[in-house]
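To keep things simple, chains are lettered A, B, C, D, E and F as they appear, and every chain counts its residues starting from 1.
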Amino acid sequence: MAGKLAAFHAFRSTMNEKLLRKGNLQLKRFFNLDSQVYSDGALSSRTKELLGLVASAVLRCDDCITYHLIRCAEAGVTDEEFFETFNVILIVGGSITIPHLRRAVETLEEIRTQEEHTSNQNQRSGEKTGKQGKKAGRKARVQAWEKRRKEK
Amino acid sequence: MAGKLAAFHAFRSTMNEKLLRKGNLQLKRFFNLDSQVYSDGALSSRTKELLGLVASAVLRCDDCITYHLIRCAEAGVTDEEFFETFNVILIVGGSITIPHLRRAVETLEEIRTQEEHTSNQNQRSGEKTGKQGKKAGRKARVQAWEKRRKEK
Amino acid sequence: MAGKLAAFHAFRSTMNEKLLRKGNLQLKRFFNLDSQVYSDGALSSRTKELLGLVASAVLRCDDCITYHLIRCAEAGVTDEEFFETFNVILIVGGSITIPHLRRAVETLEEIRTQEEHTSNQNQRSGEKTGKQGKKAGRKARVQAWEKRRKEK
Amino acid sequence: MAGKLAAFHAFRSTMNEKLLRKGNLQLKRFFNLDSQVYSDGALSSRTKELLGLVASAVLRCDDCITYHLIRCAEAGVTDEEFFETFNVILIVGGSITIPHLRRAVETLEEIRTQEEHTSNQNQRSGEKTGKQGKKAGRKARVQAWEKRRKEK
Amino acid sequence: MAGKLAAFHAFRSTMNEKLLRKGNLQLKRFFNLDSQVYSDGALSSRTKELLGLVASAVLRCDDCITYHLIRCAEAGVTDEEFFETFNVILIVGGSITIPHLRRAVETLEEIRTQEEHTSNQNQRSGEKTGKQGKKAGRKARVQAWEKRRKEK
Amino acid sequence: MAGKLAAFHAFRSTMNEKLLRKGNLQLKRFFNLDSQVYSDGALSSRTKELLGLVASAVLRCDDCITYHLIRCAEAGVTDEEFFETFNVILIVGGSITIPHLRRAVETLEEIRTQEEHTSNQNQRSGEKTGKQGKKAGRKARVQAWEKRRKEK
């Protein structure tokens, strides 16, 4: 996994673990609730992750943006959809969000590189190539995501 | 139209008109851009209005919330979908958003009453009744919304 | 109860009820959690209400400020303590909090008037007077608060 | 003085007085400091009031906006200058500031009506008319402002 | 002193010094006021530091959080008290505060390690051990704090 | 160019380029508008950059502060003027802005060092010295700025 993303994941999981180990019952409940609200319901989990991304961006929290970018990408959000989401962020939140969008674009690049990498690894064991392979990679990712959601 | 909604629309359109009449070119451009970003694209206008609602709520602006509630309802967002959106708002934005959600629920009630009223008026000239009529009312509303978007 | 406080309580309880009746499980859980975090623990409920007041004020939410002012007063917070809390709010949050503090002072006056009124009613059925009666009123209020907390 | 402005001034001065009477030394010092920072220095008081207006608007505090609109108008800020300031507010703070700008335009109208009124009263005792009188009114206002600043 | 804490102190004191050396009278007065509001009064300095911590966290300023964590720890705030404070922060401010709480837990660890280190050094010159020594370390720290406050 | 400033410029221009290359029409329009609102009009570009600085600082965005500090310095804003602007930021935005002001002072130092460096280079090819040279440097910078604005 690319550098910044890996560092983000490592710090996040280490510290969340510490927070939850030392934290009281209320803190655990908040964390549980935090993951529940993004699961499928009347609105799809995919749409809710986009809502989470917008909330994170207008409140200008880089780590929260990174988290929801990853989750959205796993749910198959395309670059075109991301940039239309950035438009809403920019118009509602103003130019003060621009530095966060610059960093979001950088993070998104890392995410795509990572996806490519995983997709290529899968291809080596199979035989799809080029654009078709890319599409297959996305499809596989979305299927994995659907599966994880159903298992919860 | 119910009292608060009518007052909201009246003040909003009067003052927007004044803002734009007295405002310079840059202000006009911002207003144009503000309506462009919510139109259909890779993401549907409906999803973008939900994004706008979440952004408005976590930044805690009652007038913006009212505006996007109206737009979302016009796009056929259901109560169940609204309440799942409120969950995301609440978890990301915290209890500080609760007073805004209380007012949002009140506004939503007015919107639904208004919809009922319009739907009943349409029924008097036709003959559909009960739940079927309600559904027809929503369908008509969504069609009107689709039509308006295409005409833009 | 004085006008604004009564109106606050009425709207708050009506709309909270609606929110919870229409709301989903996650919303109910958030509301439960919201009341749990202010109960006695390593820190007293009184201190936590002061923390809630400061959080509400620097995030500039009048309804939240009103709520925590009421709760703090029930827990026996004195005017002197309130004004030292206002100092922290003012220095951390800046002059942008001043209009909220003006309204907080107005709310606090209503709360004290209401306390006086209740205290006077109690005196009529007993025989304490003057400053002694006031003190007895506060003592009774704090005892009622302690009792409520233990019953939870 | 027009309705809303008069109500603003009345509530503001009543409550500030209460805040300062009941408040401790630190609160008084903050209020003193709050008026000192807008006085003439390397930057003119006029520029500083514009800075205060922008800060108030992007932090979205209506009362603070009203206060700085009044002060700016007293310092002779023109409508054209106000609208260019609104542009900066809008671009940095985003569409979330629009409801505040709508109310700002309404307040500005009241301020101008009030200025007109004062100017007309002055004309009745003198003999200037029309555009010339208007200009004289502004000039007088700016002179009064300069005088007040020097007397501090 | 541990790495991040030391770096925080170094940058903070160097830049505060520059700010004050180059700054004007108003800036100096603000800084004075900023330290005055946390001193003992009707509320203890300890409680006020907790108020400062909550304000810093819901406004999401890492450096301010670090500063108040240090001050609270010096005033003898326990981990259990810190985590109940984190609950209030989390519920009022929402999940957007989580990345700040992760960093706060990391900072708190450094603070505790540093305390342990100091406590061990003191023990070497005396003869207390184990849990008793820890308690003595805390007691000494709180006494030092009380002393500093009285000398002001 | 000094380290941090150079890094800021490099990242900013690389990512802005990517944002605009991948971004849609609305994003481009927002960026265009963002540069238009700071150009000369009824208010000078210099004053508008100060407005942008204050907006950035009370909304607490370090990158935005850095950007406007650079622009203000190019427009000839003096240290005395900067520190009076910091006063307004501090009083309106509160102590929560202090860490940003510490970083702003550090950035300002880098900017001045860079200016000195450029000024010295110019002197070597000419013959002005000492304070006179400094003034000439500033004058040249302001003239360059005026020229760029007119060419737009």
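Rule of thumb we're sticking to: a contact is a pair of C-beta atoms (placed from the backbone, for glycine too) under 8 Å apart; a residue touches a chain by one contact, two chains touch by 3 or more.
Given the structure is predicted, the values throughout are model-derived calculations rather than measurements.
Trainee: Return the chains shared as contacts by chain A and chain E, ordered by label.
Mentor: B, C, D, F
Trainee: When chain C meets its copy chain E, do both sides use mostly the same residue numbers (more than half shared) or mostly different ones?
Mentor: Same, since over half the interface numbering is common to both chains.
Trainee: Please determine the option from D-E, A-E or C-F whose contacts repeat those of B-F, over half of the contact pairs being identical by residue number.
Mentor: Repeat of the B-F interface: D-E.
Trainee: Could you compare the number of C-beta pairs in contact for E-F with that for A-B and name the larger?
Mentor: Higher C-beta contact count between the two pairs: A-B.
Trainee: Using Cα averages as centroids, what's the distance between chain C and chain D in whole Å?
Mentor: Those two chain centres are 34 Å apart.
Trainee: Please tell me the distance, in whole Å, between the geometric centres of chain A and chain D computed from their C-alpha atoms.
Mentor: For chain A versus chain D, the centre distance works out to 46 Å.
Trainee: In chain D, what residues contact two or more other chains?
Mentor: In chain D, the residues touching two or more other chains are 24, 26, 30, 33-34, 37, 41, 55-56, 58-59, 64, 80, 84, 87, 90-93, 95-96.
Trainee: Tell me, which parts of chain F touch chain E in their complex?
Mentor: 60, 79-80, 83-84, 86-87, 90-91, 95-96, 98-99, 101-103, 105-106, 109
Trainee: Using the touch definition from the top, list the residues of chain A that touch chain D in their complex.
Mentor: Residues of chain A touching chain D: 58, 90-97.
Trainee: For chain D, which residues count as touching chain C in their complex?
Mentor: Listed in rising order, the residues of chain D that touch chain C are 11-12, 15-16, 18-19, 22-24, 26-27, 30, 34, 55-56, 59, 61-64.
Trainee: Can you name the residues of chain D that touch chain F in the complex?
Mentor: Residue list for chain D touching chain F: 33-34, 37-38, 41-43, 47-48, 50-52, 54-56, 58-59, 64, 78, 80-81, 84-85, 87-93.
Trainee: If you look only at chain F, which of its residues touch chain B in the complex?
Mentor: 24, 26, 29-30, 33, 36-37, 41
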